Amino acid sequence: MSSLRLVVQPHYCIGCRACEMACAFTHGKDGQVGASRCRTLTVGKDEYVPVLCLQCDHAACVQVCPVEAITQDPATRIVHVDQDRCVRCMACTVACPFGNMHFDPNGNHVHKCDLCTDHGDYPRCAMFCPTRCLSVERIEQGAP
Amino acid sequence: METVRYDSVDDFGSHVKRLKASGLARRRRVLVCCGTGCLAGGARGVAEAFAAQLDRSRQAELNLVVKRTGCHGFCEKGPLVVLMPRGTFYKGVKPEHVSQIIERSIVGDDVIEELLYVEPGSGKPVAGYGEIEFYARQTRVAMRNIGHIDPADIDDYLLRDGYAALAKTLSTMTPEDVLSTIEKARLRGRGGGGFDAGRKWRSCKRAAGEKRYVIANGDEGDPGAFMDRSIMEGDPHGVLEGMVIGAYALESHEGYIYVRQEYPLAVEHLQRAIDDARARNLLGDNILGSNFSFDIEISRGGGAFVCGESSALMRSVEGKVGEPRAKYVHATDKGLWDQPTVLNNVETWVTVPRIIEQGAEWFAGLGTEGSKGTKAFSLVGKVKNTGLVEVEMGTTLREIIFGPGGGMLEEGERGRFKAVQTGGPSGGCLPAAQLDLPVDFDTLTRAGSMMGSGGMIVMDHSTCMVDVARYFLSFLVDESCGKCVPCREGLFQMYQIVSRICEGEGTAGDLDQIDDLSRAILVGSLCALGKSGPNPVLSTLQHFRDEYRAHINERRCPAGVCKALITYRVVNEACDGCGACLKACASSAILGTPKKGDTFNIDEAKCDRCGACVTVCKRGAIAVG
Amino acid sequence: MKIEVDIKPTEQILARYPAQPRFLISVMQDIQLGYRYLPREALERVAGALGVPLARVYGVATFYKAFSLTPRGERELRICTGTACHIRGAPLILHELQTRLGIKPGQTTEDLVFSLEAVNCVGACALAPVVVVNDVAHGNVSVTGVRRLIRTPKTPKTPKGKDVGADN
Amino acid sequence: MEQTGPSSFNITINGRRVEAARGEVVLQVARRAGIQIPTLCDHPAVEAFGSCRLCMVEVTKEEWKGWKGLMTACLYPVAQGLIIETDSESVHHVRRNVLDLLLARCPDSELIRRLAAEYGVTRTSFVQRENPDLCILCGLCTRVCETAATSAITTTRRGHDREVGTPWGGPPPDCIGCLGCAHVCPTGHITFEDKGLTRTIWGREFELQRCSDCGKPLPLTRDQVDFLARRQQLDPSYLSRCADCQRRSVAQTMGRIARWHQLGLVQEEAEVAQ
């Protein structure tokens, strides 16, 4: 079994925000556009950086959650939020050192990038990235 | 005073032998009942008078000892004094009688006739304890020591072969032997449900856990029941001995006795017994020199009926709010602190040493096929001899009520037997037609009531069954822990409906609604309190539907109890104009002047139907209807 | 109204028990006995000492009938309303005491002399109806007999029981 | 409790064979199979409680010879051979009564009204509570507070007088203002307000932590930050910056790396993952 990892090469980013669009549309519900888990930030003139979850080991969000609603899948290394378990204390949204845990006030829930596990097994942001900025690497399980 | 400590079973045996051979054991005994009933009647004064008039040297001189004992059970007639070995039984003793008793019956050989109990049937005074019907018709196993020993004196207990069963257990039996003896005796739990004790112990023994706990349930919450109180107050060592034997079988090392808050004397006596037993090495590390260790702690309740439910009780022992848990996982697997636990009622525990001593066959020989042994009941209400009775399982209700109970309290139409309530708030009311039912676990359950812990409340025709149903509902609404919806909200709504009926505002649909809601509460509640909560209503509805109908359709309370449906009236033909009622009436509702021949009227608007006038009227001139 | 609470008895009570949550109810029983109620200051101390959250202490204090969060009277009248007492007239007794004292069950007279409590069976059913005054049971009480229990030698100028409840 | 036997097996729910594992409860298994059972007091973050009695289902086994019992699905452990009915008449009878009773208690609750209507109850047949509020006493708030926070709130009193409350009814001293209770409350009974730097809940005001960079209020109170850092063993610095500032900071770092790339200072492609 292989798992995915997302590779970000910000020097390729052109700030088109296709990734954000793709993410928002993918995570929409009932015909409504959802909120993007990916944010493209402008850091200088014509310099952009897409910021999204790195699926850290020993992630701060996992550690801070008082109800163990955030867990890392040992096989895929993807960090998931169990929405049923979450009590919306918002601790994770602050704890993530990269600002990648988002709160959606419309859906009243926290969300984060899950590499589109529920939507096929290819992250949509990478699929729609027109440059090589966001790409996907398949790694065999057990590899670092 | 010599300090006694038994380092072995032999040590124990020889000390008991010496004790029995000593002069003290052969002394005559003056037993002053100091059970709660007699204390309320002034027994403390009687005991103090004896102590004052018979000091130690005088007692030695007369070759006797004065003992304060636990409840003799005949609370109705207290304070009681029994002179042993002759068995002279004096009732209603007051401090001023003491000198007379000493002079005539202790120094002398006389019997004081005024203090004797008069058998209501024959009208003849009875001198001897054993000849009184109340006692003669009982078979005492659980209560065999109560009244005969001073509960604060461990030697008294030893003289009646106390701890002999423990010595036998430790010296000749394996834990498995004990377990199979209890299984063979087919002892069922005396606390209410009647669950097979042997099976309970067996499944606890099988369960995996770091520790096992043993608990005695002394949270006797059923209103109208006080057997456990008497046992804990009157024979505390019996409870301890049973628990130690059980713990040995279960290989448990920690036990708790949960005593309800309303029983301070039981706590005192049990604590004293624990301290004494520890000092003698009958409790604690290496009991009687064996390698078995077990200790007991008392846990006081906080005043909550629901804590009689085992899972709630365990939470309470843990220092928490007494909320029951679902029992899909049994306490024998996960009980106190989630460890395997055996919880039995104190009456069950006190029976254990008897079974070990006399054998499983003896015990199984008593009672009926499904319910072995004896059962203690507190017989109260509108019956002549209220008090504690212990009879063989299978004795009929009639035999109990009209045997030791002595029949109905009051004469006349209103005094006739109407119903007997058993099983407390979980039980039901059985009508006259069922008086010949044998009392055992299964028969009572089939009849729509239950054994419960053994409360038996006799009701006559001055008791309104709708009011009784309302009473139990208000009890349960008050005592529900409030955790689950059917019990918290359902019983409350049921109370509203029955209250409406009592207040003359019942409607035709009420009985159907009670029925529908009852079914939901019975199956929907979380614990036994809720699951049995509708029983008092359902059983009265089943047997006394007419009475409900009279309330609803005719706006009439046949028993003359429900305030909204009754009026008080002075029967002037019977009135002698004494005016006592005028003084008694707190709402100044009685009009008239206190002189013979004047007519009295009751102002219905002012009258709050408190009944004070009825109690003070010596001529029965106030009619209720 | 702020009452100064002496915390010393609480410390003495706590010293008798190991500092474990399971002794909470026992400690609270002793505090209730000592102060005739559970002062907030005492419970805060208990929560800290036994390592039990204050809210849970409060929950326990309000769950069990033995506990009171307001001072109870010198004389606690506990009217047994068990079944045996009920059918032998306990409701009338309760009604009488309520009228005479001008308080409902669970309440205390303003002068802190009497508290009224309706309890579910004190286990003295053979003597029904029963009123327990400060742990002393009085059996077979009647509506008129019960008035004896609330005569107050300590509060002069209320010669008749009637006057006690007159101003309610 | 079944302690021996296979660790997974089939049970039957509404005639369907469904896979179950030892240690699971009926509700879990049913949900996994997409079978709806209504609940009010269940929440995955806390231990099952069994207080609302809405999830009752009819349970039997072939060897029980026709005996059926109503059990709470949230607590009943699965065992081999269980046959479950989640929508039988007796199940509906209990649910209807429970909802009818809750409707008498909380007539203004949207949730209860909707659920009751599903079971055919549009008006309660019982006496409606005076001055009703929205609390159905499911106990989720107190249990979440116990599990995730400080046990600052509790159920008080008992029976029909039972309430959810705070010590002496005042502002709860142990509360950290995490809002867990408010968020799990199924009926919206527990309310709160965030205004500027102040959060108010249970009659107590909390100061919100400010972002150490931009100074804007974080969605965490200062008490909550202290509590989480202590309990979850996390350096408090993790809880000091808002998500926007965190992102900006990481973007700037990555931006720098990107510039190095463009300047040819980095030979290899930077992989920012793992």
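Every chain is named by a letter (A, B, C and D) in the order it is written, and numbering of its residues begins at 1.
Here is the rule we go by: a residue touches a chain if its C-beta (ideal position, glycine included) is under 8 Å from a C-beta of that chain, and two chains touch if they have at least 3 such contacts.
Predicted model, so just to flag it, every value in this text is computed and none were measured.
When the C-beta pairs in contact are tallied for B-D and for C-D, the bigger tally goes to B-D.
When each chain is reduced to the average of its Cα atoms, A sits farthest from chain C. Look at where the CA atoms of chain B average out and do the same for chain D: the two points lie 45 Å apart.
Centroid to centroid, with C-alpha atoms defining each point, chain C and chain D lie 39 Å apart.
For the pair chain A and chain D, the distance between mean C-alpha positions equals 24 Å. Across the assembly, chain C contributes residues 56, 59, 63 that each touch 2 or more other chains. Annotation for chain D: residues touching 2 or more other chains are 155, 157-158. Multi-chain contact residues of chain B, defined as those touching 2 or more other chains: 304, 321, 478-479, 481.
Shown here, the protein chains touch in an arrangement that is not a line, ring, star or fully connected set. Taken pair by pair, the chains that touch are A-D, B-C, B-D, C-D.
Listing the residues of chain D that touch chain A in their complex gives 43-46, 144, 147-149, 178-180, 183-184, 209, 218-220, 224, 228, 231-234, 238-248, 250-252, 254-255, 257-259, 261-262, 269-274. Those residues of chain D lying in contact with chain B across their complex are 1, 3, 49-53, 56, 69-72, 75-77, 90, 93-94, 96-98, 101-102, 104-105, 125-127, 136-137, 139, 155, 157-162.
By the touch rule above, chain C contacts chain D in their complex via residues 40, 53-59, 62-63, 69. In the complex of the two chains, the chain B residues touching chain C come out as 36-37, 39-41, 75-76, 220-226, 229, 261-264, 299-305, 316-322, 378, 380-382, 386-388, 421, 424, 455, 457, 459, 463, 468, 471-472, 475, 478-479, 481, 584, 586, 608, 610-612, 615-616.
Considering their complex, residues 20-26, 28-29, 50, 52, 56, 59-60, 63-67, 81-89, 92, 95-96, 99-100, 119-128, 130, 135-139, 142-144, 162 of chain C touch chain B.
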